[in-house]
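Got some structures for you, see below.
One chain, subunit A, appears in both complexes that follow, with subunit B as partner in the first and subunit C in the second.
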Partner chain A sequence: MEAFIKKLEGILEVDKIEMDDVLLDFEEWDSLTSLSIIATIDADFHFSITAEELLSAGTVGNLIKLIQVKSKK
Partner chain B sequence: MTTGYTLITGAASGIGQKIAIQLSNDHNLLLCDKNSDGLKLTLTQCLNQSNHILWEHDLFDVRTIKVAIEKIIRERQILVVDFIHSAGIMKVMRMKDVDYDNALQIFNVNYFSAVEIISVLLKKNINKGSLKNIVFISAILSKYGAKGHNLYSSTKAALDGLMKSLAVELAPEIRVNCILPGGVKTPMSEFALKDPTIVEKFKQDYPLGLGETSDIANLVEFLLSDKSRWITGQQIIIDGGRTANMSQK
Partner chain C sequence: MNLKFNNKLITGILTILPANEVKFEDEIANYNFSEAKSLKLKMAMGYNTHRIVEEGVTISDLCIFGFNYLFEKEILKKEEIDAIILVTQSPEYFMPPTSNVIQGKLGLKQDMICMDINQGCAGFEIGLIQAFMLLEQEAINKVVLLNADVLSQKVSKRDRNSNPLIGDGASITIIEKTENKNSIFANIKMDGTAFDALIIPAGGFKTPSTPATSEMIEDAAGNFRSLNNLVMKGDAVFNFVQKEVPPMIDNLLKYSGYQRENVDYFMFHQPNKFMLQKLADKMGVPYHKMPNNIVENFGNASGVSIPTAITFNLGQKLIKEKYKICLAGFGVGLTWSSILIDLGNLDFCEIINY
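Showing the complex of A and B:
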């Protein structure tokens, strides 16, 4: 998961993300950014999440939880 | 005795599935996909079900393809006459987020898998010079651009380039063509079609509306038939007029 968080920091173009950071508040956030995150999750964890799932996660921490839950399935 | 088969990759869903169903009446099919449930579902919709063979393989595992296809051809005593490469994944991302790992993933499935399969199908000791037709399902995005489609466009352009050279290298025994569909209703486009603003944009962009998978399958059928005997080396666009449409939005 650490490697993914590093990638997430790269996509959002910040040096460090915190678990309670709100995805929509990142300066880099737009629809294409969210598609980059979805594609990265697909490549790293081999499952897809929808744009709605990503949006409704809200925070970085919830997104990580969502990935952990889906990874176990 | 050996029998002639049509190999279709990506046969568990979308365009590949429709091609399989439509060809199942007068072709023996070798259906490939990573999704075994999807493959079985395709088979239930095919005619002459006992004639067809299912090949479950994740084309991302490019290095295992050659051995797998050779094994099937030898063990099942079949010969592959037509190869239709419909397997493909789409990745939409900003260029600055692209890395080698996700580039490799999409190139393995969309492009390198076809390279590996064809090189086996051309070996006389394995497929006995039986291959007559190659059709790649490319995309209009191989010729035109769209935001975030950097990798997807590249893989399809790579297929188009391969097709051109193979059409020359393998003539006159084998014809090789690309079909370049525009927007077709498939599981791949499903996520975009849930968005009403995108659906509205598609209506403006496509003079004939969005395509059906059967529109593409009909063209495949034509390209495999003798009616297209003088067509090779072509990027055939089938897009309901999308790329002809210069109307002001």
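Showing the complex of A and C:
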């Protein structure tokens, strides 16, 4: 998961993300960052999430939890 | 489902593109995003220039221009054409079929079949499969497949989701019978439950165009479009492609008995560079075997994108050489289809400007 968080920081162009950071509040957030995250999850964890799921996760922490839950399925 | 065809051959491909070139940078001001963000999108998706018809130019203009080029060069003779299949989502009328309009304008013989098919991203495969089926008939020896779309006319200029990638164009592909015994393998799947992943919501009989359907509305991401405009669920389409296309190709190769390494080129539909690179990564195919440069040079003209990828990237090589090519189209419908075919020794393989 640490590798994924590193990639997330790269996509969002920040040095460090916190678990309670709100995705929509990132300066860089747009449809491209959203698609980049979806593509990264697809490549690294082999499942797909929708843009809606991503948005309703809200925070970085909730997104990580969503990935952990989906990975177990 | 898996399909197999024998004794069929593609003998020529011509792509007709509007000469009018529009640059991504010239449209940035239309979008509700910062210039920096739009330039980042340009880099990732491979947006640069796209070919857009001048107002009033329709698909029959592009197709007839291409036909006349082939007639004048004496590469194609009018009386040889036994069928025209036109795959388009920008017909000139609800009725009659645009293929009939083209037949009439060209003065082709009456003893033939004209047929419009409403398909998009998988339109080259659908058209080829239909052509192969028609060629099973004794009376049919030469089929002309037309792929043509001018969907830029239905895309909102203020929609950064679709406008930068859209392109217009047409292609003419000739399919004939051959003694050559090499089989052509194909497969095709459909999922109409996701019919709205790519859609023009208004303008048909279900929701006719009215002043209300032309009202511009901002979506959650900041794009402006009306119900008369094309709308695409980008993330849903991305997920669909990554999920369905790699296993489709695995199945096609298994069915045909060919190894992935023996395929010379993967000529796939061209939604954007990003999606094709992710697809190549997932399939373990090197980028040089799966060209992704059509959107950046010409835009994505739906079913025309594969003929454009072939004529642009291989062109004259296909006159002398022969390659094992895997075609795949995926998108609107949803529809996804692939074909494994020997392509080469063509009578023509080029791009002309309208």
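Keep in mind that, in the parts below, the second predicted complex is superposed on the first by the 73 of 73 C-alpha atoms of A that agree within 3 Å, B and C clash if a C-alpha of one lies under 4 Å from a C-alpha of the other, contacts with A are read in each partner's own complex, and residues count from 1 in each chain.
The definition used in the following text is that contacts are C-beta pairs under 8 Å (C-beta built on N, C-alpha and C of every residue); 3 or more make two chains touch, one makes a residue touch a chain.
Owing to the predicted nature of the structure, the values given are computational and were not obtained by experimental measurement.
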{"item": "Partner chain(s) touched by A:Met1 [first = subunit B, second = subunit C, both, neither]", "value": "neither"}
{"item": "Which superposed partner A:Ala43 touches (first subunit B, second subunit C, both, neither)", "value": "both"}
{"item": "Touched partner set for A:Ala51, first subunit B, second subunit C, both or neither", "value": "both"}
{"item": "Which of subunit B and subunit C A:Leu35 touches, first, second, both or neither", "value": "both"}
{"item": "Partner chain(s) touched by A:Met19 [first = subunit B, second = subunit C, both, neither]", "value": "neither"}
{"item": "Partner chain in contact with A:Ile11 - subunit B first, subunit C second, else both or neither", "value": "first"}
{"item": "Set of subunit A residues, in rising order, touched by both subunit B and subunit C", "value": "32, 35-36, 38-39, 42-43, 50-51"}
{"item": "Residue numbers on subunit B that touch subunit A, as the complex places them", "value": "91-94, 97, 101-102, 105, 147-148, 191"}
{"item": "In the complex with subunit B, residue positions of subunit A that touch it", "value": "10-11, 32-33, 35-36, 38-40, 42-44, 50-51"}
{"item": "List of subunit C residues in touch with subunit A within their complex", "value": "33, 37, 40-41, 44-45, 160-161, 221-222, 234-236, 238-239, 242-243, 274, 278, 281-282"}
{"item": "Subunit C contact footprint on subunit A (complex, rising order)", "value": "28, 30-32, 34-36, 38-39, 42-43, 48-51"}
